[in-house]
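Per-chain residue numbering starts at 1, and chain names A, B, C and D are given in the order in which the chains are listed.
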Amino acid sequence: MSKLHTLSEAIKKYVHDGDVIYAAGFTHMIPFAAAHEIIRQKKKNLTVARATPDLIYDMLTAAGCVKKVIFSYMGNPGVGSLRIMRDAIEKGEMEWEEYSHFGMISRLQAGATGLPFMPMNQTGAPSLEKANPNIKRITDPFTGVEVIVVPPLNPDVAIVHVQRCDKHGNSQIWGIVGEQKEAAFASKHVIITAEEIVEEDIIRSDPNRTVIPSIIVDAVCQVPFSAHPSYTQGYYDRDNPFYLAWDEISQSTEKIQNWLDEWVYGVKDRDEYWEKLGEETHNRLKVSPRLSSPIDYGDY
Amino acid sequence: MSKLHTLSEAIKKYVHDGDVIYAAGFTHMIPFAAAHEIIRQKKKNLTVARATPDLIYDMLTAAGCVKKVIFSYMGNPGVGSLRIMRDAIEKGEMEWEEYSHFGMISRLQAGATGLPFMPMNQTGAPSLEKANPNIKRITDPFTGVEVIVVPPLNPDVAIVHVQRCDKHGNSQIWGIVGEQKEAAFASKHVIITAEEIVEEDIIRSDPNRTVIPSIIVDAVCQVPFSAHPSYTQGYYDRDNPFYLAWDEISQSTEKIQNWLDEWVYGVKDRDEYWEKLGEETHNRLKVSPRLSSPIDYGDY
Amino acid sequence: MNYNNAELMTVNAARLLRDGDVVFVGVGLPNLACNLARRTHAPNLVMIYEAGVIGARPSRLPLSIGDPCLVSGATAVCSMYDIFSFYLQRGNVDVGFLGGAQIDRFGNINATVIGDYNQPKTRLPGSGGSMEIAGWANRCYIITPHQKRRFPEKVDFITSAGFLSHRKEREASGARGKGPQGVVTHLGILEPDENGEMVLAALHPGANIDMIQQNTGWEVKVSVNLRETQPPSAEELRILREDLDPTGIYI
Amino acid sequence: MNYNNAELMTVNAARLLRDGDVVFVGVGLPNLACNLARRTHAPNLVMIYEAGVIGARPSRLPLSIGDPCLVSGATAVCSMYDIFSFYLQRGNVDVGFLGGAQIDRFGNINATVIGDYNQPKTRLPGSGGSMEIAGWANRCYIITPHQKRRFPEKVDFITSAGFLSHRKEREASGARGKGPQGVVTHLGILEPDENGEMVLAALHPGANIDMIQQNTGWEVKVSVNLRETQPPSAEELRILREDLDPTGIYI
């Protein structure tokens, strides 16, 4: 069964006001195109979960879509502060729930594996445990040692960008495979955006590469360059000047509004956005190929 | 640092009488060559852990190396009983400790991730929990629901057969990746047997394919056809007639002894064993190639 | 049309599958049943093997649960930990097939031991993944010949949970799946009633209630809606014999 | 030979690494320090990045922890869950580098919030992976400029554990790692004493105890074995300036 949708249809169908969403990808393949579509569709009161909110959630916050953030590191990676979210928290305008990276990913792991909690060893650091009632302790019945436990995170929707998938949603990812698998399995619905929709034969030529299986996928959208200004391993580089520029833009309400008007509201979809970025940017982000050494599955 | 050893050196150095060993590989890439070397070196009082003891542990038991087995399914896969181990248990000559597959692999997962236990949801089945004191219950502090917990399994030595690795031990596996990673990370020492030792560049051309990193590996041994009579995906097929023949051999003490004399004690190493199998068998187990579609990591 | 017991059971098991089901497949008859269903009424069946293979399209008859032919051409492969947790425990598996040495009145299965656990008369293979499949697949089916020694009133050891002593006991246990939905034998099909007791729900052509009773270790109740199954069709038998098991390994 | 504070700190951090160490690397100065060590006395250093990259050989200066140049040519990539559990929690990481807005007398780090947690005066990025690195790496090092506001006697919020209020308190907490083994600043190096208090262990050339005291928020104890560090060598500076950060992004 084909699950092909346009991104606009997929967001309309699976993202609702008040939902908990998880836009996956640790610094890599961050699904910006989907976030921009959520902004265009004016979704409200979202709880946005991500280990690293990154620019993607700063933008959603700027556009007024966000009620609450669940996170473990709130920064503009390699640049500095995530100004809009930080400001919203300091002004008391946004709710937040905070973990360490391993706490956050353990919540996803519990959610993805159907467990009521995941255990973690103690780190000695006391303050976050005191601040967040979702971080509890239980006693190991074998040794009597106390471990930390966190509850499952089961978002309403996971949005995952992948390099290639078939029309059923069987998705292959390489490069940093942060928490895409866990986010997808943990969520009630899964939207895939893909650089390429390939024939099923390509996927079946390398089953060990498949990270997300069709059976948990609801919508498959072909959206090349979906991850800009972040990157997609083997397809394009991170647009570092934009990460630096955002530090500047995000200091002024007016600049933020202008940017949203021009780059989100002002374009129909990702194709138009990518065209608008222009040839100089396209060329700057290009990468030369570096192919994997093939493997032999054997024709049994 | 090169970790190259002959298999004989590696077994001498890392497997000791009384050790807990885990010969990994779920029906796939079962490290038979290492087991035969353990038999030749007359190791004693081993505790042998594997989800499926398979013929490899039946042989170790027949040769008198085994004191105890930890397992979750004791059968000759696709054929029937594992006669030698079954007999030893029925006669009270061998200790055993039993789990379901998920219980077994959860013990490895806890061992591999450094946790004092792993939780599992309840299955409703009561009997094994009553029979094995290592299967306990604790209460989820978030919902009050009871979950099953098992303690970590941390073998003294994991033996893992892989398709290709470099001389440092960075190992790539494809096909069924049952519990090789978990067994390796859970164990104090790791012995790798490999179909091929390749240049580091081959490994580095596809880092997502690496399942076991050099930092946890102690010894790397080049042992082609190590998995016979089981198989190595892309390299050779399972020798099904041998699995059927074992059902016959393992019914008679005399036949078992003759088989050990001829195929284990009577050969120096795996090369000699493979030669002895002869051309007809070599040809029968050959597979034609079926290559993966390559991927592009990008030259950043 | 002539057919043997294995063919009869396989065809009836295949018919219990629905298009789009995600099935945890075993080797042998369950594998044949799934492949038959996929080639007839359920083309979108997704076959998962406990070795961690998803969407397998085996080009030959797999001889063990980890046959390499399951991997070449599959849509995905994952680790054992993942197949049992991300797939089965999480609730992503619709159907599981089970077997065992003994099945009792409430669909509980013994695949572990005959006699005392610590001093076994007969040591059987043990659970493998069947404890989890029985607990967590949405629906389970059992395929087994109908013989009295296989159907005791109460099993010696509950390797995999049916309804325990009553449907309510299973529900209280916290196991997420709905339990065994059918036991397909060469005489008919048993299905759970409102208490979780396995009752005679269907007879195969030529079988009767007496035959069932003589081969079952408890007083079998008969469903008020007792039905007769359709015999295997020529097409079903052709696919089984010519395409799926041409050398007659299982049938 | 002239050098700046960033170069001085990087060179001294590099010297703390041992050949064969498995290091959890951050971007910026820790990344430079590791690459410098690898090109000098520690050719077998294994660099791990929290994004799940093992054995990275970046061909350019990574600008973020998830830069694609870390992956191309690495020996392995794994998921975030795996890097924190199979690697860090399991005890496979020898060294972690940490930073933060505040470091206190017992090496505790605050990277979360200045002021009240629920009504923060300044909201900082938070833990990321540093809570686990500080807890579980065998040894940790902190690289930071030596400024009074960065060195309060007690941090507002313990994002990552140093020795808490005493070495014994850390040990009782069950955290597996040995805690912070050194704080490398532009003036010198602080190291924990037997109580876990960070004391002045080394001065860089040109620095003195007064300068340390004036830039630290508590009465700093001085080790009886106070040493002076060797200035960065010409070769160390050449590698840093010409090979590792030729455009001067971090140095």
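Things to note:
Definition applied: a residue touches a chain if its C-beta (ideal position, glycine included) is under 8 Å from a C-beta of that chain, and two chains touch if they have at least 3 such contacts.
What you see is a predicted model; the values in this text were computed from it and never measured.
Relative to chain C, the chain whose mean Cα position lies farthest away is D. For the pairs B-C and A-C, the count of C-beta pairs in contact is higher at B-C. Taking each chain's centre as the mean of its C-alpha atoms, chain C lies 57 Å from chain D. Centre-to-centre separation of chain B and chain C, using mean CA positions: 28 Å. Taking each chain's centre as the average of its CA atoms, chain A and chain B sit 37 Å apart. Annotation: 40 Å between the Cα-based centres of chain A and chain C.
Residue numbers of chain D whose C-beta contacts span two or more other chains: 53, 67-68, 71-73, 77, 85, 89, 176.
Contact of a single residue of chain B with at least two other chains is seen at positions 114-115, 120-121, 145, 174-175, 177, 181, 208, 233, 237, 287, 290, 297-300. Pairwise, the chains that touch each other are A-B, A-C, A-D, B-C, B-D.
Those residues of chain D that touch chain B in the shared complex are 20, 22, 44, 46, 53-55, 57, 59-60, 67-69, 71-77, 85-86, 89-92, 176. Every residue of chain D that touches chain A in the complex is listed here, in rising order: 27, 50-53, 63-68, 71-73, 77-81, 84-85, 88-89, 108, 112, 117-123, 125-132, 134-136, 157-161, 164, 170, 173-176. Residues of chain A touching chain C in their complex: 1, 112-115, 166, 168, 170, 181, 185, 200, 203-204, 207-208, 210, 213-216, 297-300.
Chain A contributes residues 114-121, 136-143, 145, 147, 149, 151, 163, 172, 174-175, 177, 202, 205-206, 208-209, 233-235, 237, 287-300 to its touches with chain B in the complex. Remark: chain B residues 26-28, 51-52, 71-75, 77-78, 81-82, 86, 89-90, 92, 98-103, 105-106, 108-109, 120-128, 131, 145-146, 174-179, 181-182, 231, 233, 237-238, 240, 243, 287, 290 touch chain C in the complex.
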